[in-house]
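Please go over the structures that come below.
Two complexes are shown next, each including chain A; its partner changes from chain B in the first to chain C in the second.
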Partner chain A sequence: MASTYEKIATTTLGTAAGTVTFSSISGAYTDLVVVFVGKLSAAATCFLRYNNDSGSNYSQINVIGDGSTGAINQIRANQTGFRLYDVSVSSNNINILIFNINNYSNTTTYKTTLHRCSDTGGTSEVGMGVSSWRDTSAINRLDFVTGAGTWSVGSTFTIYGILAA
Partner chain B sequence: MPILGTVASQFSSKPFGSYESIQTVTVGAGGTASINFTSIPATYKHLQIRYTAASNRSNYNVDLPSMQVGNTTIDTGNNYSTHNVGRRSDGALAADGGASGNQMYFMYVASSALITNTFGVGIIDILDYANTNKYKTFRALTGCDLNGMPSSQGGALSLASANWMSTLAITNIRFTPVIGPLFTQYSSFALYGIKG
Partner chain C sequence: MMAATYTLISSVTVGSGGAANIEFTSIPATYTDLLVKLSGRSSRSGAVAEEFLLTFNNNTSGYSERWLRGTGVSAGTSTFSGSSIQQLGQTGAAATANTFANWEFYIPNYAGSNNKPISLDGVTESNSATEGHALAYLSAGLWSNSAAITSIKLSAGSYLAVEHSTAYLYGISNA
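This part shows the complex of A and B:
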C-alpha cells in the first residue's frame, strides 16, 4: 500500500512576522495536520484563520489545565478566528500546537478541527479543543495572525497532508 | 508572509513510509447503521482511525457512538473499559468512565437535530493491535463544536483511553451510532496502519 502522510510545506522564521500565511494549499489530501513550534515577541491574542476569513464564523471548545486553577472549561462562539492559547513570550520556552483539520477539502460540510497545546512558558498550560468553521468551502489557505507583536525568529510552522484510500 | 503561494509546486513531498491507508468507508445517501472494518491485516504495529461523522439523532445536539472490536467477529461481551476527560454535551467538565462494558464510549459526533452541515471529528489510536500477549489499549481525541448552541452547551470534547480485555489480535472494528440510529451521508471513517 502507498504511504500517505506527507509534508506539504514548512517554514522556520528567519525574520519575525506578524502573520504567517500558507496559501494555495492543495486539495489533494483528506486531512491536514498543522504543527507550530515557537513563541511570540509580546503577549497577544492569536488566531488561526481559514481562507482569510475574518468574519464571525468560528467557534470552539477548550479544556485547559494551567497547574493552579484546576481544569478550565471554555466555550467561544462567533469568533473571528480560531483563537490560540496563551502563546509563550518567554525567552527560553516555546509552545507546541498541533491541529488536525479533518476532511478539509470537501465542499459539503463545515470544517471541524481538533487541537492540542503545550505551553512551557507564559502560564504553562496544556490543553485540547475542538473548533468549527461554519463554511462549506474547501480550505486552501491558513493564516496565523497575532493581535500584537510578532511570531518570533525560529518559530516553525509545518503542514502535513494525509490521504485516505 | 506568504509561504506556499508561489512555490507550492516546488515542494518535494516525500511520504513517510510508515503510515499507510488501509481502507475508508464513506456513508452515502440514506445513511448506515454501522461502520465495519473486517479482515484487518496484522502487518502493522499500530492502527489509527480518523473520522468525520454525524448521526441522525433527532432529540439532542450530540450523539455518542460506540466502538467495538474483535477477532474474526465483533466481541459483544463485557470486555471493555473506558475513561474520559473533557467537556460533556451538557456543558459540564467531564472526568468519567466505565468498567466491564460491552462497548467503548468516547466518540462524539454531531447530530442533525440542531445545526446542519456540522460534523464531529476524531482520531483513535489502537496500540499494538496485533499483539497476542496483552490486552489492547486505545487512546482517542474526539469532539464536535456547535457554536455555543444550545444554551451555551456548544458541543462536546473527549480525551479518552480504553481497553479491550482480550489477548486476541484485532481484525474487526465496528462503530455504531447507538441512538442515531444512523450515521448520515458524508460521514467518513478512514483506517490507517502504522509500521513499527
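This part shows the complex of A and C:
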C-alpha cells in the first residue's frame, strides 16, 4: 500500500539560527504539513515565507485566545511574510505550530494555509487562522525567519508530504 | 519504500455498558510525536456537554492549559492549572442521540526529557441551533514533567464514556 504521509525533511537545531530554510521541496505531493516544536531566544515577530518572497504578498485572519481578554480577532493584510503567533521564549514551555498547506504545488491559484498555534507560556496564545499568499507559483521553498533573536537550540522543524494519489 | 511516518499504535472502542476510562498503556518510545483522535460521548444526564480528563503516566500533577472556546454566539478564553487537562468537552447525554464529540491531540517529542506541550482541537455536537449545544475548542496544554509519556488516560470523571466512543493513537515519525 502506498504511503500517504511521508517525511520530506526535518531539522533539529544544534546551534541557534535566525533563519531556517527548506529548499527544493518536491512537488510530488498533494498537500504539506509543517510542524514546528520549539522556542525563540528573544521575543520577536517571526515570519514563514514561501519561495523566499519578502514582498507584501501575505494576508491572514486569526482568532486567538490569550487566556484573559476574550477572543481576539485579527486581520493582517499585505505582510512581508506569513506572520507567526507569539512564539514562547520561556525556558520551560515549548511552542507548537502546525501548518496545513493545501494544493501547494499547483500553478494556477494563490496558496492558502491553515495554521494552528499552541503555547502555554507566560504571554502566549492559543489560536488558529488562515493565510493567503498572493502568488500562483508552486511552493518549493520555506523560510522560517525571526525578526530578532534566534530559533533556540533543540527547536525542530519538520515537513511532511500528504499524497492523495 | 519509505518508512511509514503515520502509524496506528492502538485503538479503543467502548463496548456495551460504557467505560470509566479510555487508556493507552505501554506506549513505545520509537516515534517522534503522538496523535490521538477521539470520538466521545459522556453518560452525564441533563447535560449537553461534559468534560473528559486527560492525564499521562497516571500522574495527577503539573497540568496547565490555555484555551479558547466558542459557543456559536460568543467566544471566551481562560487558563487552568490542576490535576489534569480538563477542557475536553464531550457530547453529554442530554444532547441529540447518536451525536458524539470529535477531538484531536498532538503531542510532540513525547519521549523526550522536556516538559510536554499538547495541542488540542475539539468540538461537541448536538445537531441543534441552540447556543452552547455545540462547542468548539482550541487548547494549548502543558504537562510540566520531564518523564517520557508511556501511558495516556482519558477519564470520564464521575460518569462514563458511552458505548461506541472511540479513540485512536497514532505515532508520527520524522526519522
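Assume the second predicted complex is superposed on the first by the 163 of 165 C-alpha atoms of A that agree within 3 Å, B and C clash if a C-alpha of one lies under 4 Å from a C-alpha of the other, contacts with A are read in each partner's own complex, and residues count from 1 in each chain.
Methods note: contacts are C-beta pairs under 8 Å (C-beta built on N, C-alpha and C of every residue); 3 or more make two chains touch, one makes a residue touch a chain.
Predicted model, so just to flag it, every value in this text is computed and none were measured.
Asker: Identify the partner contact of A:71: answer first if only chain B is touched, second if only chain C is, both if each is, neither if none is.
Answerer: both
Asker: By the touch definition at the top of the document, which applies to A:136: first (chain B), second (chain C), both, or neither?
Answerer: A:136 contacts chain B only, not chain C.
Asker: Just chain B (first), just chain C (second), both, or neither: which does A:60 touch?
Answerer: First partner only, chain B.
Asker: In the superposed arrangement, which partner chain does A:7 touch: chain B (first), chain C (second), both, or neither?
Answerer: Both partners, chain B and chain C.
Asker: Looking at chain A, does chain B or chain C touch a larger number of its residues?
Answerer: On the superposition, B touches more of the residues of chain A.
Asker: With the touch criterion stated at the top, can you tell me which chain A residues are shared between the chain B interface and the chain C interface?
Answerer: 3-7, 63, 71, 116, 128.
Asker: Under the touch definition given earlier, write down the residues of chain A that touch chain C in their complex.
Answerer: 3-7, 10, 35, 37, 63-71, 92-96, 98, 116-120, 124-128, 154, 156, 158, 160
Asker: If we count contacts the way the header does, which residues on chain C are in touch with chain A in the complex?
Answerer: Interface residues on the chain C side: 1-2, 4-6, 32-33, 64-70, 75-79, 106, 108-109, 114-115, 117-121, 138-142, 144, 173-175.
Asker: Tell me, which parts of chain B touch chain A in their complex?
Answerer: Of all residues in chain B, those touching chain A are 1-6, 8, 11, 13-24, 50-52, 85-87, 91-93, 95, 115, 117-123, 141-149, 152, 154-157, 159, 186, 188, 190, 192-193.
Asker: Show which residues of chain A lie in contact with chain B when the two form their complex.
Answerer: 1-9, 11, 13, 17, 19-26, 30-31, 59-61, 63, 71, 73, 75-78, 100, 102-103, 106, 108-110, 112-114, 116, 128-132, 134, 136, 157, 161-165
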